[in-house]
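The next block holds one structure in the form of structure tokens; read it before the comments.
Chain IDs A, B, C and D follow the sequence of writing; residue 1 opens each chain.
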Amino acid sequence: MVGPNLFINYGEAVAVILFGIGFSNLLLQKNLIKKIIGLNIMDTAIYLFLAEKGYIAGRVAPIVVDGVQEVEAYINPVPSGLVLTGIVVSVSVTAIMLSLTIRLYRRYHTLDLDEISMRLKKEGL
Amino acid sequence: MNFVQNFPFFSIILSMFSGIVSSVLPARAAKWLNTILISVVGAMSAVLLVYLMGTGESYVYWMGHFPAPWGNEIRAGVLEAGMALFFCVIMLLSMTGGRKKLLGEVEYSKHNLYYILVNLLLSSLLALVYTNDLFTAYVFVEINTISACGLIMIRQNGRTIEAAVRYMIMSLLGSGLFLISLCMLYDLTGHLLMSNIKESVAVLVSHHQYSVPLMTTIGLMCAGLAIKSALFPFHSWLPDAYGYSTVSSAAMLSSLVSKGYIFLLIKIFYRVIGFEIIAESKVINVLFVFGLLGMIFGSLSAIRENDIRRMISFSSVAQIGYIYMGFGLGTESGMTASIFHILSHAATKSLLFIAAIGLTDVSKGSRQIVDLTGAGYRNKIAGFAFTVGSLSMVGVPMFSGFVSKLLFAEASIGHTYKMLPAVIVLAISTILNAIYFMKTVIRIYVPERRKDCEVITIKNEKEYAVTLVCFIVLNVMLGMLSQPIVQWIHTGLSMFG
Amino acid sequence: MNESVTILFPIFFPILMGVLLLVGKEPKKKALLSRYTGGVLLLTALMVLGLVWGKEVSFTMFFLTGRLPVYFRVDSIGKVFAFVVTVVWVLAGFFSFEYMKAENAPRRFFGFYLIVYGILIGLDFSGNMITFYMFYEMMTLLSMPLVLHERTKAAIMAGLKYMFYSFCGAYMVLFGLYFVYRYANTLTFTAKGVLDATLTAGNEKLLLVVAFFMLLGFSVKAGMFPFHGWLPVAHPEAPAPASAVLSGVIVKGGVLGIIRVIFYLFGADFLRGTWVQTTMLILSLVTVFMGSMLAYLEKGMKKRLAYSTVSQVSYILFGLFLLDPVSLTGSLLHVVFHAFIKCGLFLCAGAIIFRTGKRRVDELTGIGKEMPVTIWCFTLCSLALIGIPPASGFISKWYLCEGALHTKTAVFSWLGPVILLISALLTAGYLLPVTIKGFFPGEDYDYAALVKKEPVKLMLVPMVILAALAFVLGIVPEGLIRQLSAIAGQLM
Amino acid sequence: MKEKKNNAFTRWFYGEEDTLLDKVEMKPQKEYAPREGEIRELMKEREMLREQIYDVEDNHKLRLFHKMYQIAAVIFCLTLISIMLVTVSWLPPNGDPDNPVNNEVSARYIESGLQETGAVNIVTGMILDYRAFDTFGESNVLFIATVTVLILLRLDKEKKALAKPGVPVYQKPVDELTIAKAQADDRVYEPKNDVILQKVAGFLVPIIIIFGIYVILNGHLSPGGGFSGGAIIGAGLILYLNAFGFEKTERFFTEKTYKWTCFFALTFYCLAKSYSFFTGANHLESGIPLGTPGAILSSGLILPLNICVGLVVACTMYAFYVLFRKGGF
């Protein structure tokens, strides 16, 4: 059932625990701000996961210093690139979620999504 | 290298570029740019399709100076080209059909922003269709999501914004799952390009390495895309999003956005993991079950609905269920049926949305089915179009829906132990469809002379009428000339493998 | 079997013409409309007769999916039905020219009338089950406008009921179809069934269920108990010519479907002696009795005729489900006769309504004095329907009883004839009063106020022809019997 | 006999008087008579609130549902986490050089990245040259995000917002927030000539911006690049705005500035990249010199692309802030 590498991969383990927490928050919280926080926890967990994946014991960041170009010298650059892209995406998405929240709050003066839908029903819009 | 082979790249980059340009253009110019762009991309896809039919083999296209495992790639086959063409046609028709409502419902100063969204949506759809690289797929999935969110809430009232929030939440969950499963897959295979991943996955499976994480990864990926394409338990956002956004948005959302994700899922099945491995994994059984549930519950909630547009949206839930049911069969024919249903549902559902708008407009804007009494006489073309769409949904011969149901049944009959549930649920959901669509059709043809509603004739709504006629023709074509399309799907799938 | 495109003309020519009529604009004078329709009807009729007398041809139009073609074939059974359809359709059409002058929107009526004609021909000539199903569905949809022509609340409710019953039946058929397709690998109609013995081995039970559902589905259209509910509601709502063709021909679409399923897909031997046959026989007999009983109790003229359709069509079904050549001959004979008779009866009722506006039976006292020719036609048709020799109905019922008597089915060999007899008496009970009261109104009828209300020639002629057919075919039936028994021989 | 001490204690001791009795005055308690009106007000308010939040008739059902909801949430979370933990436990071990991840792909990036892209920073080389298509898509994500935020939060002047003649009346967003009202709200945030803040900002902002520019320009030589540098510059602009208020920033940064900067940056990005994609795909030689690795002016297109990205990101950050604060520049 449980594989051999659980404790070697403790970094990944932490990452997926964070991911689960963020996922559940985003899915199940009622408060919009908490949902957004959950979203950011989730994304950050993914970056942690990627960083752990890129790491190789005893090697340095992939920036060529004084012309050393052996594979043994540097860690894997791909995950770092993926993290960069992921960060930008999550920034944009957070901005959108926040602006949606602002609009809803301006109108309904609440952050509780259920309450908002209740009021919508009452409005019968 | 043949010049035609550049067309996929051209169409993606053109739609992105016109999106960027639209940001500084006034609304009129943006509108024209958008129309021209869609037609040009459609034309290019058509040419590409013809070319590929000629050569009969797919090809990969470097995005940059570097070969396969190092640089990005896009890949074009018959299926991709055809899909791109189809998406362009649907998008063009949806835009023209909803333009009048758009002017009414969206503040004029934000129209060019709307066209930016549409252009980037097109680009993301094309990229999802053509890409050969999972991470590119992820980036463009995000673009697709954001532009879809923009399309939902461009008409700004509380409903749409709430719907947009719900949509964003669901699809962010989906992309989160997709991204982490992507990372795990990268960790297992060390590649991001689909073809290389497929090779290494085949090696892993043959050596029985990493079988547990491989399966969970596949499962998470399917779950993510299923959530994003509103498979049954995750459809809570759908009715509001489709039901209250402006009509061309609704048409595009229902017929293009979710279809983009589904097509990506098909690509993942064939090009990333390998169809045999998928077919014998447990994942598709889950998809099968949820598809069946969606077929039933979507139709049930559509029956309970009194608001015509929400009703149509709920029927979308059922149709998505059909598609996943086809996946769940795990056979070539099931896949074919699902792809055909993607086409037929896209054609029919956008037709229904646009026709419904025409009907509500002549009923003092009320969307309650009761108030639509006699709307079929006040707006003849819309009434007729709605009837055609409903018949196609119900699966009456001569229309596209019938053929897809036929294909589904053919596929499921081939199966040993999924045959009975599939066929029975098909029967039940067909009859449920018949109930709510026919109810509506009869309602709009119940004669009632309402003096207070204006009457729309074809004269004063040329664009609208032309759109609907095109849609009807498209539907009947899919229904009658289904064989070449099925052949095309077969060749496309064989090119995938 | 030689390919020939000619088969498409009688199917698509009237459909095209009807569509043109619908989309075209209102003609200046009504006469133009009726001339146009009449011309199209006659032309199509000529084509159909040409095909019917010609030899068997077939044509593959295009493929729906990989292996399922839309495929037409003129075979013996199709010829019979096409012939009946043509005769009834043309006569009722000519009747309607006069009748529709009173109704509103005649253009719409004639347009759909033509379209449905083409579709019925397609239904009769369709060569495999998918094609048959497609035309069957289209028949349901496009005969809807005929049913709810008057657009009253009642008419629309009737239309809804009609549509839902038919759709449910059709879907039962459709999903049975898939199973048949799996176990036969083809859906092309071939006498004695298409089932592949190697595939069906071990799945007989499943296939029996499937067959049961398909038969049930088609019997919805044929108005068999427990699915007869729509028929007495829908038929009277339509204008008289429409209800004439609905009762006379469109109901026969279901019968044709059942024939195709039993003898062309499953094969008689597959079903003989199974629970399916038993259930179906019981249901059809129940319908025969119940239909005539309800007709007896019914007061409205057209509704009474509709109920009688319910019972008469179940005669046919009974004959089919006996799975016996003689009774099959009887059923086919009854298909032909009942089409003519019932069409004639409805036209008479329509003429009465058209001239006097009387819709209820008890208003018809002395009607015979007012419009004698009409009532004579009515009488002849009634006699034929009751089955009094030498009228035609007698022969078909004779064959049915004979078939029933020498089948091995335990109870039905004697129960069937008994019930048929009772129902014949009931038929007499609900048809003859019209004649009797019509001709012998009694003392208190004042002849002073009598005015001749005989309808014009254009309405009279079709009725007379139909009545004559109903009677003459009873006197000289040999040729027809030979043909039909030959067909029955092929199928067993 | 000695006369008694007349203090409180002795008097109390001899039982002459109870000292407390006359000190403590016991007021009769005024019995509490609430005013009907207030109570009814309160009741009504609470009713309305409850009615708004829950539908009252199945309130207890709702409460039960909430309990279930929380339990289900916890269970769901735990199951998800456990599934993924199992997955992780089977993944290849962390930090091991012969994982499948460390294959020919990363090898080539490291070994010949310098020669092929001219970038010392291999990650920059990778995202802007090897996998440039992803990065272009990513900047488009940023772009479309700003478009969405604009749609949501930008307040337009009425004459712009209203459609031209011949168009049906446009339905206002229901929470109509006019520009005047927005500025009224915005006064709350406007700095009250806070000397300390302004001095510090005046000292810091140039440094921040210069540092941002440095990060951008050295994207291909050292950690950093367009995105990080742009974010830094954006932060500097926001600080300046907070310190000196709108009328000062509007002198050099309006919506027009934003629009055209973004437009030109993205256009250049798009054209440059399509050029290199096209040449690459058709196996043509893109005549862009890579320069000497390590120099500022090296590594072909990467430096200009970094600048474009930096501009876009800086503008976007600033635009986000401004739009959130009051809908418009």
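Quick note on the criterion: a contact is a pair of C-beta atoms (placed from the backbone, for glycine too) under 8 Å apart; a residue touches a chain by one contact, two chains touch by 3 or more.
Here the structure is a predicted model, which means the values were calculated and not measured.
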Chain located farthest away, centre of chain A as origin (C-alpha): C
Distance-to-centre winner among chains (Cα means, whole assembly as reference): B
Inter-centroid spacing, chain D versus chain B (mean Cα positions, whole Å): 32
Gap in Å, rounded to a whole number, between the CA centres of chain D and chain A: 14
Between chain D and chain C, distance of the C-alpha-averaged centres to the nearest whole Å: 74
Inter-chain centre distance, chain A versus chain C - centres from mean C-alpha coordinates, in Å: 69
Multi-partner residues of chain C (each touching 2 or more other chains): none
Multi-chain contact residues (two or more partners), chain A: 3, 16, 19, 23, 27, 53, 78-79, 85, 89, 92-93, 96, 100, 103, 107, 119
Sites on chain B at which at least two other chains make contact: 135, 139, 142, 146, 149, 153, 156-158, 161, 180, 186-187, 212
Topology of the chain contact graph, where touching chains are joined (line, ring, star, complete, other): other
All touching chain pairs, where touch follows the definition stated at the start: A-B, A-D, B-C, B-D
Parts of chain D lying in touch with chain B, wherever the complex brings them together: 83-84, 86-88, 90-92, 99-105, 108-109, 116, 129-134, 136-138, 140-141, 143-145, 147-148, 150-152, 154, 156, 160-164, 167-175, 259-260, 262-263, 266-267, 270-271, 273-274, 276-283, 286
Touching residues (chain side chain B, partner chain D) in the complex: 1, 6, 9, 13, 16-17, 19-21, 23-24, 61-66, 69-72, 100, 103-110, 113-114, 116-117, 120, 123, 127, 133, 135-136, 139-140, 142-143, 146-147, 149-150, 153-158, 161, 180, 184, 186-191, 200, 210, 212-213, 216-217
Chain B-touching residues of chain C, taken from the complex the two chains share: 62-66, 68, 130, 133-134, 137-138, 141, 151, 156, 159-160, 163-164, 167-168, 171-172, 174-175, 178-179, 181-182
Touch list for chain B against partner chain C, complex: 391, 394, 396-398, 402-403, 406-407, 409-410, 413-414, 423, 426-427, 430-431, 434-435, 438, 442, 445-447, 480-483, 486-487
Touching residues (chain side chain A, partner chain D) in the complex: 1-6, 8-13, 16-17, 19-21, 23-24, 27-28, 52-57, 61-64, 69-74, 76-81, 84-85, 87-89, 91-93, 95-96, 98-100, 102-103, 106-107, 112, 114-115, 118-119, 122
